[in-house]
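Order of writing sets the chain letters: A, B, C, D and E. Residues in each chain are counted from 1.
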Amino acid sequence: MSRRGWFSLILLAALLLAALLAPWLASQNPYDLATLDILDARLPPGSAALDHGGTYWLGTDAQGRDMLSAMLYGLRISLTVGVLSTLLALTAGVVLGLLAAWHGRWVDALIMRVVDIQLSFPAILLALVLLALTGPGVSKIVLALLAAQWAYYARTARSAALVECQKDYVAAARLLRLPTWRILLRHVLPNCLPTLLTVAALQLAAAISLEATLSFLGLGLPVTEPSLGLLIANGFQYLLSGRYWISVFPGLLLVVVLTSCNLLADALRQRADPREAGR
Amino acid sequence: MSVLDVKDLTIHIGDTKSPAHAVDSVSLHIERGEVVALVGESGSGKTLTGLAIAGLLDPPLRRVGGEITLLGEDLSALPERQLRRRRGDRLAMVFQDPMATLNPVLRIETQLVETIRAHRNVGRSAARDEALAMLDEVGITFPAQRLRAYPHELSGGMRQRVAIAAALINQPALLIADEPTTALDVTLQAQILALIDQYRRDHGTAVLWITHDLGVAAGFADRVLVMYAGQIVESGPCARVLHAPAHPYTAALLGAIPGSVPPGTPLATLPGQPPSLSPPPEGCRFRARCPRAEAACIAAPPQVAAGEARTVRCFFPLVTPP
Amino acid sequence: MNEPLFHARNISQSYILANGWRQRRSTLQALDDVSLALHAGEAVGIVGESGSGKSTLARIIAGLLPPTAGERFWQGQRLPDGPRDGIQMVFQDAASALNPRARVAELIAEAPRIHGLITGDESDFVATQLSRVGLDPQLAQRYPHQLSGGQRARVGIARALAVKPQLLVCDEAVAALDVLIQAQILNLLQQLRRELGLTLLFISHDLGVVRHLCERVVVMHHGRIVETAAAGQLVGLPQASLSRS
Amino acid sequence: ADLRIGLAADVSSLDPHFVNIAPNIALSSHLFESLTSVDANGKLQPGLATSWKAVDPTTWEFKLRRGVKFHDGSELTADDVVFSLDRPATLTNSPGPFTSYTKPIVAKQVVDRYTVRLKTATPYGPLPLDVNSIFIVSKKAAQNATPEDFNSGKALIGTGPFKFASFKRGEAIELVRNPQYWGEKPAWDKVTFRILTSDAPRLAALLAGDVDAIENVPTADIARLKANPKFVLAQRASWRTLFWQLDQWRDNSPYVTDKAGKPLAKNPLKDVRVRQAISKAINRDALVERTLEGLAIPAGNIVSPGILGNAKALKPEAYDPEGAKKLLAAAGYPDGFALTLHGPNNRYINDEQVVQTVAQLLTRVGIQAKVETLPLSAYFGKARAGDYSVALLGWGSLAGDFALRSLVGTPNPDTGWGSWNWGRYSNPKVDQLVAASLASVEPQEREKLAEQAATQALKDYAVIPLYHQYASWGLKKGIKFTPRVDEFSFAWQFKPE
Amino acid sequence: MSGFMIRRLIQALLVLLTMSALVFVAVFAIGDPLALLVDPQADRHDIARVRAGLGLDQPWWVQYARFVGAMAHGDLGRSFVHGEPAIRLVLERMPATLELAVAALLIALLVGVPLGLWVGLQPRSWSARLIDALSLLGFSLPTFWVGMMFIMLFGVWLGWLPTGGRGETTLWLGIPLSIGSLDGWRHLLLPALTLALFKCSLLLRLTASATREALRQDYVRFARARGLHPARIVFVHVFKNILIPIVTVSGLEFGSLIAFAVVTETVFAWPGMGKLLIEAIGQLDRPVVVAYLLVTVTLFVTINLVVDLLYALLDPRVRLRSRP
């Protein structure tokens, strides 16, 4: 993989690690109301806390949350939402896509028409309507993102699988009378994975960004458990008043996350395409 | 004077530290009206040689040495701008895959006319008439309709004819044909061969015919050059080389053709594979697979004469020099 | 005459082509009433120009493609659609016929393992199969892309043989190979026929190759069998390139 | 001179009788007037009627101002008034009709060209205030007019200080001065209302000079605006009071559990000591100072100071966490319990933040509080259906008895009482006092009764008041504005300096 | 062709029906519009009357059936909140959104395609590497955040451009457009840029990779072998080929531009359909939500159709079956 690819992978791993270790890295559990002190609200970066003597390196938000801690936990939520919805959507899409490609005929036609319908309707609008319906919550936003994104995977998986199914190794596997599930899972799927992973890395970024956007529109997550997007949204109102840190820092972190996902997608794509490898 | 004279052409692939010596000191010359076949197995450097002559090498391919003289003019010294003027004019090249060589979104007419107008100051309609005549000459029926067509509307054989028409439209002195018949079935192969043969006779064009099919070389070329691992290991008049090969590699190639032995009996084969060329092995590159290899082969064999108009790169040729 | 091992009767195949803008549908008759019998131990060649229906016939015989019309018989028994034990195929493009993500050992052992054909140690089994096609057993741990073209073709053959077929269909199995490697493979097939009594259906557009390998040659043209003859006496095929040599 | 005002909410229709929502009323007030008017402090003033009196307990008589001209030049008469009072009931597809204001009127009588009598079934004191909500339209123009006719301006003929110029829905509305206005003529030739519903862009528009004034200055930016010499800030405590509604009717309230999440034996919120403890646990000063950045005053009342029914004796509950803990212990919850606070997230100033802060404060006295906030669209419906245990509500009213009727009156769908009494608090004594207050046509007596009712309800902790919200306007330097208690941004109250 | 069209139309109709049914149920489930709109003092009779007046007293399927029946006559119902035909409200706002989306697409094309061509032709130059890196960033910046930053930078700190709203419009064929006046342009610029940023990066990357791909093709080598001028190779041979994916993607992305206009319009107070939708959802104004969705779906279907036709126009090889 290219240097950029490795760089993005390491960065993403570091971010994941930071998110996983958030409870140990963060000086405060920003989701535990008992640890917040409203009197510490909106302190600029580097301020000392009023009573317990800690330092808010990146300042505090309107509830007196330590921004750094909030960002670590927010990263956790953003990544959880992104990864979870991506995995679920990937699974659902792959199952349907493989099915369509393998079975062909009416199964294919049916699945692909549903995919077409789904795709002719933009993800954000679908998620918007769904979330307005279900209300906030991590599981609900995951569901909304799943609903909004599975079709991409189904389509990608199908077209990748169609290409693979044309290849003679599948014919050979059929001649060897391997069970269908085995052909699909052990032979076809692994060969579709490069394409799928590239799309997944891209869609991971899209999912995280979409979650942030929905949170910004007030339809994402509960306020007490802010993701990066929600942190940005919550800080939006303070932007013009000079209390930039509430919004800008989580924004920068979000951009870093998204950029590394996209970088990774890029690198994966180049890897999957040997002709691009020389670049 | 030869139409083409190549001296010590050397091509490297990749970075300067550990390049692959893909083509090593290849020399060849072609006379007016002559067909020279360049044969060898896959990866031996045939295409690279052709591309280098046409000045079409792109990174990571680099020509690191050698002279290419076309009609007395040293192409290797020319700047790209000048070189471009020669390509498609004095020197033309066609490629293997007729599906891919024509631009799928441009009409045949566009692609022919632009070739004319890139080199000659000819009006659009005059160019069109020439294109029409050219299509007719390469044996395309209903040329006027075909001019308006897109490549995908033509069959594979027709497409290759059009590609050849585009190559020949400015009456080049040299045509480099890189396996233009391999992708076609036998019948079409024969037609294309016949077409080029006829054109050569009519116009005296020199042809460098790149192929891995000894059968094609045998039936069509005046002289044959056999390439192995980036080097020319044997050259000479076609009939004689194929009849009595001098180099063990040439012999092995001929022995592997079905029909060279009675049906049902085993064909002659060679063990192993061509060597890696980064870096190339010391000494004779064929050594490891050669049934005649001896200790002396550890040194690089020179190219030596092997009879009239023949050369061979071997210490122990099958044909002794006269 | 005794019962053939395999018999294809009155096979026809047509493809539906959806053509262009206007969605005009046309059908293409790829095979038209083709019948072919293969006797045990026989080697039959099929030649014909491109598009004459050779591959289509091969796939139908192997059971990869249900024919539009016609029936297949195996030792006199009518075969249902789909692949069947005892028929295997070697494909033209060895690179695409091997799953690029599986090691050679898995490629060869997977199906025998599932069908319970491996009695002893699996790696011994793989080694035996590899040696049979003249490959170094060390190659077992390689991936297809780490093999040369000839090695890949041999792995393809080894895989097919590992499930002990009686009929081997080779669809242009040597067309993409250099003459030297082609010769190796042809020799190998000869040897296997001798040793295993394999029935061979060998498809090629190269008459020389077929003549070398087969006793009987079938010539196809536009989806029909136009000629069947002993390999030595064939006349019907236009054979431009070879005629001059 | 021209004036450009940035509005925080969209005007959905120009038909003054179509939907009873604040932005529409605000806009209609420029074009239309009603019999009575309300001054900046919420006091009833003469409008198109110069005077009114109850000629008997069930009959109010209004004397119309003479010589008032509609924008089309015709004169205002009693017929227009009766027509206007009749019209709300005829708009069948209005989702939020004004009929609750016209409903008490059982008969309308034109005494002469300039006198109208309105009869009620029972004595009804707030009628003059009710008719303030019904705009008087020109009968000639509005007869058979559809809402579209109003939106296009065709039927938009009123007596107000401004005349209609243009309406770009969701974007801007332009008005021009009515030169024939009977009262004080506005200082502006032309007024443009720009709809800027998002906070930051609205403020940005002011800062960038795209508008001259904005309403609803975001709290975050108050300080900055104050510090900026190019702008001035106008503020005042508005009529809106925020308070918690607590479930007092179910034995098992859906969002009240023990700390492990298991249901409790009984609903602690039914215990007045628990409600008091919650009230004591809330540090209203900190809430106001930090969360609202000073944009409110702590509340001990249901209506804002200065509004009828505000009992001066009622002071905001003092912050007393220890006292709260004691009360909880006394009520049988020494270790507290857990509950979920519900609130909207796009309705009141910093509403979402307020809920969180209160949760923070409750957690400190041992009531483990979770927070759930929803968009208004989902919130109100669920809250009214009684889905929540503790829910935030803000209420703006110009009369205490009105507010009490809806908020703490025993719910009765037939009369509309207690329609927003989400906690279903019920105290016959309070009901009685409210009813008496509403029935009194005598202002002093009404005020006294209303205060008594409020005092009683708050003694029971029927609801827990938090604060009275401020309303703020940001203005370009050189413009003066008299802030209004009802938060409306009326163009004529902006004056060049 | 006609078969293809008919299939497309049936598909569109299906989308419409599914979407509208979904929305019907969804908006129902979100909340009761009357809880928002009816006056606090209203009693049961008032509420019942209003409910009946709006047809909300029926079960949802009856309402839906009525709705479909009315839709067949071109009537999509009246907005609860505005009292006007919902479709009119949406269509009224459509020019603003379309203008924004078109402007954004044009910006994305005019910036993205040339830069992408450059990156594809000269992948090793430092400028291409820089552009490539920036495009990745542009790809990663969330729209709303970019919008906020733009407002802060250009609107507030520098004061060069207005921060929101649509500004002056002039009538073109009876449609109010911003592009007729300087003021309009000034208002349009920031939101269009914000909206364009992502698509610009997308098109840039697409163009770059398509160019690289095209350059590798034999036809380019053959063109060079015929001695054509490099400019002709790039601008005729390569460009005509990469135009195909560019047009396809632009068309498809145009739909998503309209969808993402929801966000941009919210940030910039741009009075388009997206803002109307957000408000309608907030007010549970079901007829407007449904009308919006119907209009957008129709729009998308039209766009897809146009893309397919363009595609066929550009690529002589095309077979008009559904895209893979």
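Basically, contacts are C-beta pairs under 8 Å (C-beta built on N, C-alpha and C of every residue); 3 or more make two chains touch, one makes a residue touch a chain.
These numbers were taken from a predicted model, which means no experiment stands behind them.
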Distance in touch steps, counted as few as possible, from subunit C out to subunit D: 2
Among all chain pairs, the one with the most C-beta contacts: D-E
Most remote chain, CA-based centroid, reference being subunit D: B
Rounded Å distance between subunit B and subunit D, as computed from the means of their C-alpha atoms: 90
Centroid distance [mean C-alpha coordinates] between subunit E and subunit B, Å: 53
Subunit D residues counted as touching two or more neighbouring chains: 200, 204, 207, 346, 375, 377-378
Partner subunit B, residues of subunit E touching it in the complex: 217-219, 221-229, 232, 236-237, 240-241, 244, 314-317
Footprint of subunit E on subunit B - complex, ascending: 54, 56, 84-89, 92-95, 97, 100-106, 114-115, 118-119, 150, 152-153, 163, 166-167
Residues of subunit A defined as touching subunit D within the complex: 33-34, 36-39, 41, 62-64, 132, 135-136, 218-219, 222-224, 236-243
List of subunit B residues in touch with subunit C within their complex: 41-42, 184-187, 189-191, 193, 212-216, 218-220, 252-253, 255-259, 261, 263-264, 266-270, 273
Residues of subunit A touching subunit C in the complex: 167-169, 171-179, 182, 187, 190-191
